[in-house]
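Heads up, the thing below is written out as structure tokens.
Letters A, B, C and D name the chains as they come in the text, with residue numbers starting at 1 for each one.
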Amino acid sequence: MITERELDKKFGLEVADRYGGEAIRRCFSCGTCAASCPVGRFDSRFNPRRTIRMVLLGMRDQVLKSDFVWLCAGCHTCSERCPQGVHIPDIMTALKNMATEAGYTHPTLAKQIDLLKDFGRVFEVEEYDNKRRVKMGLPELKLRCEEVKIILDKLGVNS
Amino acid sequence: MEYALFLGCTAPIRGKHYESTARKVCEILGVDVVDVPDFACCGFPLANASAEAAFLMAARNLAAAEEKGVGAMMTLCSSCAASQVHVNREIRSNRKVMDRTNEALAEFGKHYTGSIEVKHLARVLWEDVGVDAIKAKVKRDLSSLKIAAHPGCHYVKPGEVHDCFDDVEDPKTLDELVAATGATPVSYEDKKLCCGGAVLGFEEKTALAMAKQKLDLVKASGADAMVSICPFCSVMYEANQGKIEEAYDVEYGMPVLYYTQLLGLALGVPEKELWFRMNSVKPSEMLAKVVIE
Amino acid sequence: MILHICTCKGLIDVPASPDFGSDVTVEVSECLCSKEGRAAVEASLGDDRRLVLAGCTPRILERFFGDIDSEMVNIREQGVFLGKGWDGIETMIRGGIERARAAEPVEKRERKISKKSVLVIGAGVSGLESARWLGEMGHDVVLVEEDPFVGGTVAKLDRLYPEGTPNSHTLYPLVNQVAGNDHIKVMTNTRVENVAGTVGDYRVTLRTSPRGVIECVQCGKCVPVCPESPVDHGVPRKAIFAQETYPDEYAIDFEACTRCGKCVEICPAKIDLDEPAREEEIAVGAIVVATGLRNFPIANLSAYGGGKIDRVMRAIDYERQIAAGIIAPEKVLVVHCAGSRDDNYLPYCSRVCCLIGMKEAKLTKDRFPNAEVYLSYIDMRCYGQFEYLYRTLRDQAGVVFLEGRPSEIFERGDRVVVRTEDIQSGEYLELEVDYVVLATGFEPDRETLAMLGLPSDLDFPYGYTGTTLSPDSNPQGIFLAGAAAFPRGVLESVESAREAAAGAHAVLSKDVVTFRTPVPRIEAEVCASLHCRLCVPTCPYGALSVVDEEMTVDETLCMGCGICSVTCPAGANTLEAWEDEAILAEVEAVADEGSIVAFLCKWSAYNAADRAGYDRLDMPSELRVIRVPCTGRVDATMVAGAFARGARGVLIGGCYPDSCHYRHGNTRAVSRVKLLQRFLSELGVDESRLRLEWFGSNEGQKLVSVVREMSGELASVGV
Amino acid sequence: MAKPKVALYWNASCGGCEEAWVDLAEDILKVVEAVDIVLWPVAMDFKRKDIEAMEDGEIAVAFLNGAVRTSEQENWSKLLRRKAGVVIAFGSCAHIGGIPGLANFYSKDEVFDAAYGYLPTVDNPDKVEPQTSTKMPEGELELPKIWDRVCALDQVIDVDVDYYLPGCAPPPDLIMDAVTAILSGELPPKGSVLAPDKSLCDTCDRNESKPEKLQITELKRPHLTFMDPEKCFLAEGVLCMGPATRSGCGERCINANMPCRGCFGPTRDVKDQGAKFLSALASIIDINDDEAMDRVLDSLPDPAGLVYMYSLPTSLLRGRVPEKKREKAKVS
């Protein structure tokens, strides 16, 4: 059981103020998203309808510290069908952002952030790659992109 | 038709055969590509950490394309398409967003006025080149091939972001492109099923289960090969095929080609230049059905 | 100037002796909308006819004081309800006073009811019932029906609930009563092509398409020889066919007929495949619209395979197919709310589809007791007696109610697969069934409504009610009956048909009706009538023309939108009571530094502001509402006036596209606002400070969001 | 009986209004014969102190042309108001602000930056700008103060205008009519504009060519278009302010195949000539397609400058709305 005292009623409003989150309060819990979700079909921990309910109820910690928050594939199958125009993938992105900001960054994401800072892409371009590319007649790739690091640092995105 | 070629992160490293064949078919079909070395990540994976940072990374790429003086950008990866198209649309439709974006880009001397059109390679082939023009250039007979096309998610979704150029509930353009090569597109259940790529790093088991479902259905359809237009989808279905076979004790042997390889085959590109040997599931059985030279 | 302030029984705090200047006599009353209130207002009217009534929304006040010329200030819904204290209310009243000073009164006008007959469009149950009542009251009725037979939708149904009776129980007695009444002329195969004129004298063009069967002995020999079998609502019939309603003659469906001539050969009476169409014009005093609804097209529902999978069908097709024994389902899923309450399709609830869906389940179980029936729903809405239908179903074995809206429906072999979440268990569910019935919602018959100049409203399929003798709209003798106004069951349709008949009867019983629709006044002295004429084409009703070298308004056509007044660049054309000076005077009185001045259309956005009040929403206090007849009435002058007073923003709020009560006033506003934005930005007013938004009359929340955005309380969208 | 005393003065104006008097040709003799001119700086030498020495109301009529934007113009206007029985705002600038009023699109600083700074014809490396006082060996010299906003005559506080003679410049026949009316004492109600109260279209010859349903789908600019000398400009897609402008000018521009720019100001019930014309214009550009609409509007690069070519100071906004609020009341 969860008591009302444990709920953070501002949580829903905070999500609604995030990009793409405005429509979250319109959700009437019809289940179209859950029935559409290709992830939920294979992993019952992830249910977008339930996640939205948890947000609207104010279950901040239960959502942000959860493992399911990282499971949205962002495929947009649900939002294409949502009858109330709720941008579910944007809401999931907002939740992931909030989890990151709260320090619950997923280790995989942390690794990706480091890669981006170092190389401007999520793969390191190794010398082997460029050699191979040249062999195949493809142009060499730039090894780094400082500007990506500037963006990330400016916005305080850290692993 | 001139496009800045947006390679993304995965294709130029793990999908060099995709990139190479894409360049080749573009050349044959009269689509000029321009390289912009300044392109970096489209921001898609980063959106998980900061939607705003991801937005700016995409905007940065658009500014880089504009700097190069090209009017359009073409992506190889569907996720790159989705994030670049989305950000482009937001910037172009909202003056304030454009101003704020430019304020941030000014940090490193970039500026974007909103002049770039962004499309996925397949959309360029379908919309700008056209199925008829492709058919007219077909040199090899692929009519013996049954191909299961996997359009993936971000190639068409969100529909509104992509101007609804294809039906999100019944995407047809990739099938039409497959048919243009002379091969027969097969229909199979759950064609729209997501590859699970975005979940791979977070929950491998779930991602593989998603990919397995698709491989099961494609296998059941009797297809000779699957066709993908996204390096991420290919990673799921091809690079991870062995892993899935092992985990579930099944056997697929299902080749997963990039559409550009299939198209190149139809257009008569020498087999060597189609880099089939770089496919981890070798399409030898499939190729045996095609008369090459 | 006389000012009456209503405290609405103490709801509004009015200071002891409010002061609005020496020339304003203030009277405070407890309740203006009472006999005493009316008497007090009448008693206060001396030589000075200028009157300001501050009280509740004009929508209500007009019902009590619509016949007296006054400015109304809405200090209840948009005052106290929106959190305004006396300061705010005082400003609103000052606005009304200044407006009253500058405005000219609306003249009372009359219309003769010269034609005493009535046209009823549509001969379904509603049209039949309206016609029957009007006929029995002694009015001459012309009842037109587009189909070759009367009966409408009900004639196609199997049984009617809650009683579960066959359709004939309802239909046949009605048909007989109508067919047997000499006052009623029934015209089948007939469409209304055009309606001109006004209450008391509508001129209606009717077009009767050929029936093919000229004389009929009802031998039925033509049917077996006919080679064509078109499908009529799910069930095939021949191209020559009869329906057991009225008339008792066969008819040819010329859309399916190939003119092979076989029926002509065998007919002992007379069939003419080349019968010409006929057109005639009739004159009537009133019109009853009973055209019913349109089924929402299931082909739009692509995630549900609508229009692509044969086994996914409309409720009416399914009902007729099981009734005709064409299909024998073993496992069926009824999808409720298919396309309803959905921003992508129909945003509203059509109310009756829950009942229809349950009815299809019931009909299935009655005929095929062993069949499994699933009903998936978002909310099951079965009001009144229909709860009994729900209980009967619920208690039956093999009926499963599933909470959750299916995500997709597709074919697997000869079965149909449905994916849904069973919300109550939280389980993802995949069902394989024989048939899927889509209980879709309904759309209004926009074509007929548009022809009659009646706008459709997004809030409901059709929200046009009670404007017949509204004090400031042109009196119309047009009444909506049955499901033409809103989705209704048979019982409710019949009831509403009687209301419409009573309304038409009330108009036809009078010799004259009076009304107060504002019309533009043309100052002949200023108007370069013969040479300028810019206003003429902008009138949605063609009410302006140059007669004897003078610009003239045809008051029978004018609806009082004021679009022409905005167009007149010389200021020679001014809409009574809504003059530029009057509106500008109000703007200047209420706008101040930092305010958001909102010009709200009285049909939609203004009511959204009322709604925000009823809902006690948190509206920024900077909002200053100016009521206008249409966004098409908003002149650049008024906008400039607001900014000149230091307004932070100007909002123009009107009806959604295609719902304009003046046909296209809102689209005029679109081009005006675009041009104005550019113009204002040159003058240092950022484009974003002038906004045009559409509002349904219930969208109070949307109004609050927009005003909050404009007042800077909400960050705008975008990263 | 002594001849009535008449004063003619110019504020911020181009001098065209002064020429208008000369354009009376031989009629000017009648005027000179009938009145006693006590002030006419452009033609003769008068001293301010002579006017100051006069009794209040001693001058029968003062004709003031030009807009007001300096302290000197303001002072002269107030002085003449006191001394004259009848004050006539003469010409567009005094009437509605006129061409000098276009300066209200900018702040005084921006105007100075241009006029004494970056304009290509200015050679002013030291960036010398007019000062209100300068110390010279002879003592301190004062120059008039330039106000932030250009005003029409009646916007100056304490300056009530009795009549307006519109036009840039007023045409001789209207001037003669006004003078005749004054001399005969048959004056219309105070505050009148001494020109017909109908829109210009009323007397325009081109109306025959105007279609019943006038709709603009394309806007053309006069210098980039061949304009048929017979056809209604609006019907051709060339913006003409005629419908929003008072007649009486004799269609001088139109006869020279140029569209009306509104120098006569609006008809009597119109508060804001430009805004009113804009509303009308938007009603006849009747395009529902957003992009097409943008295209049409793109061909109109300066809508405010066009519709307010003569009347910006007397428009509701009076000019560019400054970042921070500036004085709203009349110039004091």
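In this section, a contact is a pair of C-beta atoms (placed from the backbone, for glycine too) under 8 Å apart; a residue touches a chain by one contact, two chains touch by 3 or more.
These numbers were taken from a predicted model, which means no experiment stands behind them.
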| item | value |
| --- | --- |
| Centrality ranking, top chain (CA atoms only) | C |
| Gap in Å, rounded to a whole number, between the CA centres of chain D and chain C | 51 |
| Geometric centre distance via CA averages, chain B-chain A, whole Å | 21 |
| Computed distance of Cα centres, chain D from chain B, in Å | 65 |
| Chain B and chain C, separation of their C-alpha mean positions in angstrom | 47 |
| Shared-contact residues (touching 2 or more other chains) in chain B | 51-52, 169 |
| Residues of chain D touching at least two other chains | none |
| Multi-chain contact sites of chain C, meaning residues that touch two or more partners | 303, 408, 717-719 |
| Contact graph of the chains (line, ring, star, complete, other) | other |
| In the complex with chain C, residue positions of chain D that touch it | 105, 197-204, 207, 210, 212-215, 243-244, 247, 266-272, 274-288, 293-294, 297, 300, 302-305, 307, 315-323, 325 |
| Contact set on chain C toward chain D in their complex | 523, 525-528, 530-534, 536-538, 563, 566-572, 574, 580-581, 584, 593, 635-637, 639-641, 643-644, 646, 667-668, 670-672, 674-676, 678-680, 682-685 |
| Contacting residues of chain B [partner chain C, same complex] | 51-52, 55, 90, 94-97, 100, 167, 169-170, 189 |
| Residues of chain A defined as touching chain B within the complex | 18-20, 38-39, 41-43, 46, 67, 70-77, 79-80, 90, 93-94, 96-97, 100, 105-106, 108-109, 112-113, 116, 120-123, 125, 129, 132-133, 136-139, 141-142, 145-148, 150-152, 154-155, 157 |
| In the complex with chain A, residue positions of chain B that touch it | 7-10, 12-14, 16, 19-20, 23, 35, 37-38, 40-41, 45-53, 56-57, 60, 104, 107-108, 110, 153-154, 157-159, 168-169, 192-194, 196-199, 201-203, 205-206, 209-210, 213, 275 |
